[in-house]
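Notes follow the structure.
Naming follows writing order (A, B, C and D), and every chain is counted from residue 1.
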Amino acid sequence: MKYVTIINNERYEIEIDNDGSVLVNGELRDVDFLNLGGSLFSLITENKSFEAVIDDDEGRIAVMMRGRLFEAQVLDERAILLIQRRGAQPSGSGEVQAPMPGLVVAVTATVGQKVQQGDTVVILESMKMQNELKSPVDGVVASIHVEAGQAVDKNDLLVEIKAAASETST
Amino acid sequence: MQTGPFNKILIANRGEIAVRIIRAARDLGIPTVAVYSDVDRTALHVRYADEAVHIGGPRPVESYLRGDRLIDVARRTGADAIHPGYGFLAENAEFAGEVMNAGLVWIGPSPEAIATMGDKQAARSAVRRNKVPLIPGTEAGMPDEELIYAARKIGFPVLIKAVAGGGGKGMRPVQREEDFAEALATARREAESAFGNGDVYIEKLLLGARHIEFQILADAHGNTIHLGERECSIQRRHQKLVEEAPSVFVDLDLRERMGAMAIAAAESVGYVNAGTIECMVDRDKNYYFLEMNTRLQVEHPVTELVTGVDLAKEQIRIARGRRMGPTENLLEPKGWAIECRINAEDPYANFMPSTGQITTMILPTGPGVRVDSGVFSGSEITPYYDSMIAKLITWGETRSEAMLRMRRALSEYRIMGLKHNIPFHINLLNSISFIAGQFDTNFVEQRFNMNTYEQRPTTGDMETVAIAATLYAHRKRRLASQVVAPAKRDASNWKWMGRFERMHR
Amino acid sequence: MQTGPFNKILIANRGEIAVRIIRAARDLGIPTVAVYSDVDRTALHVRYADEAVHIGGPRPVESYLRGDRLIDVARRTGADAIHPGYGFLAENAEFAGEVMNAGLVWIGPSPEAIATMGDKQAARSAVRRNKVPLIPGTEAGMPDEELIYAARKIGFPVLIKAVAGGGGKGMRPVQREEDFAEALATARREAESAFGNGDVYIEKLLLGARHIEFQILADAHGNTIHLGERECSIQRRHQKLVEEAPSVFVDLDLRERMGAMAIAAAESVGYVNAGTIECMVDRDKNYYFLEMNTRLQVEHPVTELVTGVDLAKEQIRIARGRRMGPTENLLEPKGWAIECRINAEDPYANFMPSTGQITTMILPTGPGVRVDSGVFSGSEITPYYDSMIAKLITWGETRSEAMLRMRRALSEYRIMGLKHNIPFHINLLNSISFIAGQFDTNFVEQRFNMNTYEQRPTTGDMETVAIAATLYAHRKRRLASQVVAPAKRDASNWKWMGRFERMHR
Amino acid sequence: MKYVTIINNERYEIEIDNDGSVLVNGELRDVDFLNLGGSLFSLITENKSFEAVIDDDEGRIAVMMRGRLFEAQVLDERAILLIQRRGAQPSGSGEVQAPMPGLVVAVTATVGQKVQQGDTVVILESMKMQNELKSPVDGVVASIHVEAGQAVDKNDLLVEIKAAASETST
């Protein structure tokens, strides 16, 4: 199985054969990859021992290794083809959800407003702190589902933002 | 009673500090009573205490802040002393008074000392009498024209502060005189809307200042000593993240002078028990009293490690009316200690708090490592309380040994199930400025962030991450598509996967 | 090479000591190579090291004892030094020689020192030259009639010991002269059948003797110092279970004299690196050299905690050819330290070893607590290696503080999935004789057991156990019979059960 | 539900009602009993907080609390009746199993031999130590399934002992 894996704009062609052998950009690598329970993994490659916490969220794979967070995109042959054919894709979900239960202190966006990725749209109080919830995308505020003073549960949808289409690198 | 004999302690707190106090009491042979809210039934403080009583709902106002219930529980269980820990009711003079009126010993300073030090202006007046240097500034309640005149006299830059503010809220720096009038108007408006009180005062804005604090210990026999300083400049939004003892910035001469000042500040309110004098120290080693914390600090372990003194035990000893153990000021700390606060917050998402269950936890152990924590594998981090899940403290003969051990301990520490700030600490411990001891209170916010690492990841690390991510995705995909027929040599690299999973079924 | 510069260390060991050495190397900034057998792939030493290489099957002879493979792995990974830890090849002079012949640095003493100290008679001859007192006894190879004459001269009671024995095997005490001839015949027969060598020697049997040992540190620059004593009399079947530093039995005068003797013993073989002089000390404070352990001891942390010296780091420094950090004998230890060896063995079933998976582990933490361990929740304890799973070490300003902290730490420690000896340690720490420091090497076997507690359980504890056992059985029964319809007030006492189980799904 | 629970020869009559309330020898006790995962339990009774590890093995319940091991027998109404009717019962299983994998060093019993509870019947080497496996009951050696030099797995049956019938207290 062939994959293209992109990390910090670096591109790796990785092939995993049925016999478990791993080739990186055509070169064979000695790899022992092992789940230690939950999202904890041990990887020994060319004798080097690594431990990584790996989670994924909608196709993006987050690898925490040696105290650093890396975001990886792993594309299989179908995904590569799809991207080559389409050229561009929307740059992600525009939903702002409550990351934890809390009290909405303020909604700082209005429907129809243009927002940039990183703009604060809601202020949520939880764990004795005021937390600014930001737009995950550039776009336009499509709908607002809460108001100041309202208590919300984890994962409640607060604000929807219609993402502006953008170019994607492959 | 402020001091006197007692035989059982009620701990009016939760989390790691409740566990810390239980341990101190147990080491002294004194039984303890824990209290818990609905969501804390399985917490370690409930399990480690001799007794445990349910006191109400998860919100602090329903439980840990219910002074009446706490005193009632003490009565019912025969506890004759209350230790407040930090936070919650620890600096509530009224509650301290009620505890004493109920005939219980309050393990802390007198209500009067708490009240005086809890009021900014009263505290300034009190310590000024003992010649403690204060940041040049004005009193509260002055009209605009007097404030402008005062600001000019103090010299720019200055800081406009809301009287009702605190913890970094309601502050506004002003760099130049021409901006002052507008800034003042805005500050008053904000203070009015945020705190219902538009009263402000101004202070000199110190440049490149460090936050350095002195540990005070005073008993009821008239002895007051200091146990040296703690360096607490690594902060974010006025929340301390990393503390050290001693400070690279403090030499013996400065320690002697600041220590004497700290004792004078504590004596100005007749302080008894453990307390902390917080100071700002500018580039030229001018120091100014900031405030006194009339309780045990979160960061007390770094002092314990460089003095050998158990501060929680000393608090109990002092409250029992005994003489405290140490009798001399600490001028020569033994080695170096660093504390990292491990918080359930995501350093990659603006330090957003994270809640959920700790599914896996592997603690760092070994020489020079101490963990103070109230959680375990299986603990639930709820939104009701602060986000600190543990304090990781390392000791070394030198600062460099303490830092290397901290790096190692951070790299061993595994917490899964929620986001935490260990990556922040690892990144900080790799920062040349931090290693060199060159930082002030603005360091984290202005010059340090998670996106600019001082060292780029190596090509080897990048490739390893790529392999790990790809094998992870590959495996998940295979599981999803139920491809079960293994190829003939499939065991080679995956053999351990199967073996481990068998072992852990 | 015995000393010289190096840049990467191969650790020829597993378990907690491998982790301990990785930590020391990491604190010095030196990369490490771990080796592992089939069953150790997920062990912490494999995960914490920079590199890890598989070396064979689970049985030590297939992996950790394969000197050839270890040297080969060092070559392949570019490791230029080997640390043997303790056990396995640590005291194998031949392997030490092979390592040095391969151009690698051996982090330990010279093969000659290992060989001399590894041979009882050679060791006695060597130290005797430096006037080190020896337990009165005979040489090996003597015929029966000479042995009987010698025993009479030494004075009864005496001990007949097999030349090929060790670790308590092949020893036979003789109380009276009239029993000697028969005992000698039996001992020779047993030694012949057990070790294929019927040769024996005799030694004076010391009464009420303690096992006290001195930590030695020597560098290649001609410096040899001692770091004080460790009290190791709490043993079972000659296996140490609890160690302390210092010893209640040793005063400053005895420490000075025994320390000088220990240095003389080490110097008799030109010793370089860390080593231990084990002694027997009788009731009258007469002390006798027993043997020298030419490696780091299991119990080294208690010395570290009362000296501030990191012994594993000093070993590496010395092997690099540098001067060791500490330069003076330790005559005044700082505080007190106690170590309990936490073993996977059932104190209620004759200390039978226990194997299996550690399903839950909650570590004790907080002030004065150190854990050295190579396991985690999920670790498998296999029958292939020794049964030690962790070392729990506490420090206090006084022996009493260290013991109270140990009691507390033992009560917090939770290990589930297999049997362990924590109950043994809790019982020991409640023993008046132990608390008073009154014990000798026979204490555990002769005067202490798990069935006679010095304090009976209280009526309250008994009733609590009865309630817990009954609710447990009741609940299990209900689950088994699938009674699902809850009664109307069923939530009252069981509410938490459901809540917790929801939380932990 | 009524139980008779016996610990160290002390007898407790414990009643657990459907509403979860607990009576000990007729007196009501305030009890909050909670599983913490695995065999770890938390019990708060009359405000006292206890933690216990509870396991059971063929009807005997082992409670480890405050560093001490207690063995409890919990008898329900049926079991109490049964014992009252029968008066006596065999005193337990006479099987000696391997508690861990290892090598049999010696078998020190012979078929037909009378043994007492606690007599060594097999010596097993494991974890670098020689372990004496003892007869769990008084009785007669019925069969021996291993010999010296043989490797055994955990739970392998090594020796069977036919227990002598004995009186049982209720």
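Heads up, the rule we're going with is that a residue touches a chain if its C-beta (ideal position, glycine included) is under 8 Å from a C-beta of that chain, and two chains touch if they have at least 3 such contacts.
Everything numeric in this text was worked out from a predicted model, so none of it was measured.
J.: From the C-alpha centre of chain A to that of chain C, how far is it in Å?
T.: Those two chain centres are 49 Å apart.
J.: List the centre-to-centre spacing of chain A and chain D in whole Å, with centres computed as mean CA coordinates.
T.: 53
J.: Cα centroid separation between chain C and chain D, in whole Å?
T.: Roughly 32 Å, centre to centre.
J.: Quick check on chain B: which residues sit in contact with 2+ other chains?
T.: 41-42, 48, 360, 378, 496, 500, 504
J.: Chain A: which residues touch two or more other chains?
T.: 32, 34, 36-37, 48, 51
J.: Thinking of each chain as a vertex joined to the chains it touches, would you call that graph a line, ring, star, complete, or other?
T.: If you draw each chain as a dot and join those that touch, the picture is no line, ring, star or complete graph.
J.: Chain pairs that touch, all of them, please.
T.: A-B, A-C, B-C, B-D, C-D
J.: What does chain C use to touch chain B in their complex?
T.: Counting only chain C, the residues touching chain B are 19-20, 23-24, 26-29, 41-42, 48, 301, 304, 308, 310, 312, 334-335, 357, 360, 362-363, 365-373, 376-378, 380, 396-397, 401, 404-405, 407-408, 412, 496, 499-500, 503-504.
J.: Per the contact definition, I'd like the list of chain D residues that touch chain C in the complex.
T.: Touching chain C from chain D are residues 1, 3, 5, 7-8, 10, 12, 14, 16, 18-22, 24, 29, 31-41, 43, 45, 48, 50-54, 56, 61, 63-70, 72, 74, 76, 99-102, 126-129, 131-132, 134, 154.
J.: Going by the contact rule set out above, which residues of chain C touch chain A in the complex?
T.: Answer in residue numbers: 33-34, 41-42, 46-53, 76-77, 378.
J.: Mind listing the chain D positions that touch chain B in their complex?
T.: Residue list for chain D touching chain B: 32, 34, 36-37, 42, 44, 47-49, 51.
J.: Can you list the residues on chain B that touch chain A in the complex?
T.: The contact residues of chain B facing chain A are 344, 348, 350, 352-355, 359-360, 383-387, 410-411, 414, 416-417, 422-423, 425-427, 430, 450, 453, 457, 460-474, 476-477, 487-494, 496-497, 500-501, 504.
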